[in-house]
């Protein structure tokens, strides 16, 4: 038996979480370095996975399978396809940056307090989230997936509710109130989704007799497991609802602005760039594979909802007064694109959606983390409190602009590739929806540039006049992300090569082929 | 004879006994519930239990009948009485209901439940009566012992454990752990002086030897009672008997009596007036 | 006479006891009412024992007594300690267990 | 040789990367590095040009495949460059004018502490623009297309501390985005129609597709061109873009970037040729814009804005020509090149004037500058003569050809378009004469600036005048050089194709009419501004003047309809999100909370109360048991 690489990738951050939490209260810096070390080691393992993965090989590779709960046929089954590899890599990649960006976010306010250990807790929770997210990307057993899909809410809840921005326009008390509101809202929304999914998981079990995704999918494909039309639709809706809450899709989105607004910037990145990706990933992996017919049945409605998400999120982003909430609504818009790509049922759409997940993770991380650095300097999240930052902190402003340009999908940066693929993929099958979605790129330019103009340009406000530029630690966080954005924008082939075979198989699962061009162009 | 008593057909004697004693038992039960004073309730309950003991005997459960009297009525009810005494034997319970709608709901539930039980018993097919003739053939106690030590031995052991646990539990609940060093008499005295508490011994209670006089407050020179003279437990229970009025009126009557006898004073004007009115 | 009458008596006593539990506030009386209910049950068990001609019913009644004894011991201990702290034996005074 | 194409782009890209990431260490040498790399790119372009001249006319197209960019199933986008005569023309124009303006900027931006960054942006612009014209497929072109938009955004807003500059930059980017939307939809349409969006296959098989589809593609491409080239209805950003430093206005908003739309239309000629309806729309847009820009140019007192109106108008000529099909493509590009020379020269001249006048832009505060700035006066004057179409100079040749071609379109359309073009020529003469007189002639109307500094006009340093002289030479001779023996026609014909139209009026008539109108236009301007003193404060003017000063109310329309409407929309959506979408959720939570508040009263803490419910429950259970047995 070979080395259980997938398990190791998930166990390593989990061990790191325990180790970090166990560090004595006084040794805060040790805890930080320990967490960073473990996240980097996980990144190395993820890189090994990406290298050992053969794009042309079997569908699920590096598979592991052990009996777990024999009575219910629950197995500990892991395996990754191209989409999984991409997202595991994304997660492992982002966590070190999140840790580094949040280096001082959880330092206790009064120095010398020995009993409470917020720092250790903060980094341990981040690593715990990483472990669970990675496992849910790797699980091919529906029940196993469900467990981690739900379990990651717990550390997220504490991260949102326990650690917020130091400063708040209405004072510490109001901050605490809003934070706990956001955390509870996050938890309730996702628990509601998870509960419905649990019902669907059990329903699936009563029909299929086991939880193994490959087995069920194969049985569905060769006809040995036939679901009644209505059963399939209900089960699909049960799964989809949970993923749509997590993703989040309009109108289930309202928890995201609250959560991202109240959490610290690194945690906000964790929410939108890592945890939410599980939702869209699961749509692609579970909804489409397990319920191909129902997926096709629901496609028109989902496309319309995704379209609303795109435009609605973008319009609301324009109307925000709070930097972090603006990014949150922008993310809602982007998730609309991802879902649009998934349910466009074309190779371009689905490859684009997968690529979009990766790119959105990186670009939002870049924008949000720089925004976090900005907020930590001035102590306010309100756009109106800034102005002229470009003059005093040009590097900060420059990185912020690059992050913003990535968010508005400027060609040459990574998100453009994915966004265009999604649009093309949608357009080939649903031209009208594709055209309306294109309005999203204009609105994206609007909210990004308005944000940039109001915060970075214009006369220097008195409060920002002494603002220091990016420090070395912060530059170490941002520079690699920007380099990645440019690299993946110019040369996305390494990722598409890994993703394409998986998308091809998903397309054949739902019995779809790409529409053919009208004329065969002369070569 | 024993076998016959427990046989299927009940004798007329048993029927007579049943109707008389059942009446007593029901009255006892009702009194238990509705008596104001706890002691009365306890006594009524004891009566009901004795009646039940008789019924056990009548039903061929000789061992249980005896146990009912010895253990239940004898020991458990005594325990009740102890507690009643501890809490205050004379404290009367107000029967006024304080929770809104509680009484009506309780009665409704009670009556409904009773009706349902009766209906259930009436509907049950209880035609066949085996009687205890064969079961009690080798003696009731032997029969029970055979069952307890074979079939129910585990349950029996468990009840033993339960009893021990209960005994320990009762000790733990009522025991008050001393959490600090006991203070010496000197320290206590110093503390009293420092706190300005009553330094000399407390005054003695009243000395009217008509009751167990500890619950009668002693009178101050002006004739008002001093609560300090009564034990604090009695004070908390509100069981101080105030005899000051009586003492004062007694005194007044005595003085008047003496005055009349010595013809030093004029007769009371009020009394005279009433006499005139009656005329 | 039909021995079923014993059952009716048992039911009646049980109901009276239950009603007493609901109506009375004094913890001691309340306990007595519970004893009454237990005794009513015992009567039913003994009667059933006679009906079925087996001693199991009496065994159950016996166990009931033991359990009742244990319960009384603990219950009275609780009442005593309650009285110590609250200077009252009314169950309504111990009504802090609410939101 | 074709392997060098990528180097054309790589050189300025390298410059941009080094200058933008290099930090303050490069402040001292940054401008020279940027200029050197732009010049290197030009030299490389010249080398490639001579190489191309050595080949046969129909074998001059070379491509360089770098790598596969986005491969997903049928969607194959490659990074491939294509260098043909059309691209080569642009490469030389961009790198040539670009290098000159780099040189000029060394002087112009001398006192700006962020000069290094400026050169970084300029290099970035060159790279993006070269990518735009060298791309071999529409998607790669799109990258360059947005890249120049980004550079334009950065450069317009270069003086970010001025809110007006930041707003103008944002506006330019946004309006361009609307156009970009058209381009992306066009690419998507191409993909669904042809299964590819590489130039070769798409243009070769355009005739196999139905006209409706091609019209749709053409209109979307036109939308893109409108955005980038400031054509009606997306022209509003160009005037505001003058907030940027003047070299930027010269390079990006006069000579190169704004002509990208013309390039796009000419490049997609095969599509437009097969879609006459789209072509008609293109010509209408061109004609409307050329008049629109000219009228706006007449009313502006800001020298740069007047020139911006002129740019808009001249590009209108080019778009008009491009819309005419094969009879106009070559002339569109020819006018584009000559316009690149003289308009860049004019802008540099304007910059030189501002440089000497404490950055004053109001022409009413100039006057009589010809003696103080002789070189600027001469070069500006030559540019002026070129743009109004003085016989023998560049504009004369290129603009005349377009007017002729417009008449050659034939039918009523031909008359209308030709008439519009002629009218435009007259207005051009008017507003350019006005600029010339107000700036260089008449009495001095100088006024101190806000700090009270009296202007001391002086000639600019050599590093600024040399580019102006070079461009002036180009303005004078380029047209003649191109037209003699139809050199330019033969050069471009293999790529764009060419057809001679049959004009209802002879070439001589058109030329004569143009000259007459030129004299009339210039004469009116002379009467208005040369004979009478120019008031230092603009008079209220006629309704038309006032409307023209406000860009013919385009901005007001945008403001009322789009900005206000958008604000209301977003505000109401924020409200809806807060009260309705969130309200449903919070309402559910509140009602659950309320219900539990009611139920909580049952939890009154009285043990007896709980006992009642327990007892009642037991009763119900007994009842149920009995009922079940009864049933």
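Letters A, B, C and D mark the chains in the order given here, with residues in each chain numbered from 1 onward.
The rule we apply is simple: a contact is a pair of C-beta atoms (placed from the backbone, for glycine too) under 8 Å apart; a residue touches a chain by one contact, two chains touch by 3 or more.
Since this is a predicted model, take the numbers as computed values, not measurements.
Asks: Enumerate, in label order, the chains that touch subunit C and subunit D alike.
Replies: Touching subunit C as well as subunit D, we find B.
Asks: Identify the chain pair with more contacting C-beta pairs: B-C or A-D.
Replies: The comparison resolves to B-C.
Asks: I'd like the most central chain, judged by C-alpha centroids against the all-protein C-alpha centroid.
Replies: Central by C-alpha mean position: chain A.
Asks: What whole-Å value do you get for the distance between subunit B and subunit C if each is reduced to the mean of its CA atoms?
Replies: So the centre of subunit B lies 15 Å away from the centre of subunit C.
Asks: How many angstrom between the C-alpha centroids of subunit C and subunit A?
Replies: Distance between chain centres: 62 Å.
Asks: Can you give the whole-Å distance between the Cα centres of subunit A and subunit D?
Replies: So the centroids are 36 Å from each other.
Asks: Cα centroid separation between subunit B and subunit D, in whole Å?
Replies: Computed from C-alpha means, the inter-chain centre distance equals 102 Å.
Asks: On subunit D, where are the residues touching two or more other chains?
Replies: 604, 606, 608, 612, 615 - these are the residues of subunit D that touch more than one other chain.
Asks: Could you check subunit A for residues that touch two or more other chains and list them?
Replies: Nothing qualifies.
Asks: Using the touch definition from the top, which residues of subunit B touch two or more other chains?
Replies: 99, 102, 105-106, 109-110, 113, 117
Asks: Go ahead and list every pair of chains that touch.
Replies: Chain pairs that touch: A-D, B-C, B-D, C-D.
Asks: Considering only the defined contacts, which subunit B positions touch subunit D in the complex?
Replies: Touching subunit D: residues 99, 102, 105-106, 109-110, 112-113, 116-117, 119-120, 123 of subunit B.
Asks: Of all residues in subunit B, which touch subunit C in the complex?
Replies: 6, 10, 12, 14-15, 18, 22, 25-26, 29-30, 32-33, 38, 41-42, 45, 48-49, 52, 55-56, 59-61, 63-64, 67-68, 71-72, 75-76, 79-80, 83-84, 86-87, 91, 93-95, 97-99, 102-103, 105-107, 109-111, 113-114, 117-118, 121, 126, 128-136, 140, 143-144, 147-148, 151-152, 155, 159, 162-163, 165-167, 169-171, 173-174, 236-237
Asks: Where on subunit A does subunit D make contact in their complex?
Replies: Counting only subunit A, the residues touching subunit D are 185, 188-189, 250-251, 253-254, 312, 315-316, 318-320, 347-348, 351-352, 388, 390-391, 394, 398, 405, 410-412, 416-417, 420-421, 423-424, 427-428, 431, 434-435, 438-439, 441-442, 445-446, 449-450, 452-453, 456-460, 490-493, 496-497, 500, 503-504, 514-523.
Asks: Could you list, by residue number, the parts of subunit C that touch subunit B in their complex?
Replies: The touching residues are 1-9, 11-20, 22-26, 28-29, 31-33, 35-36, 39, 42-43, 46-47, 49-56, 58-59, 61-63, 65-74, 76-81, 83, 87, 89-90, 92.
Asks: Which part of subunit D faces subunit B closely enough to touch in the complex?
Replies: Its residues touching subunit B are 604, 606, 608-609, 612, 615-616, 618-619, 622-623, 625-626, 629-630.
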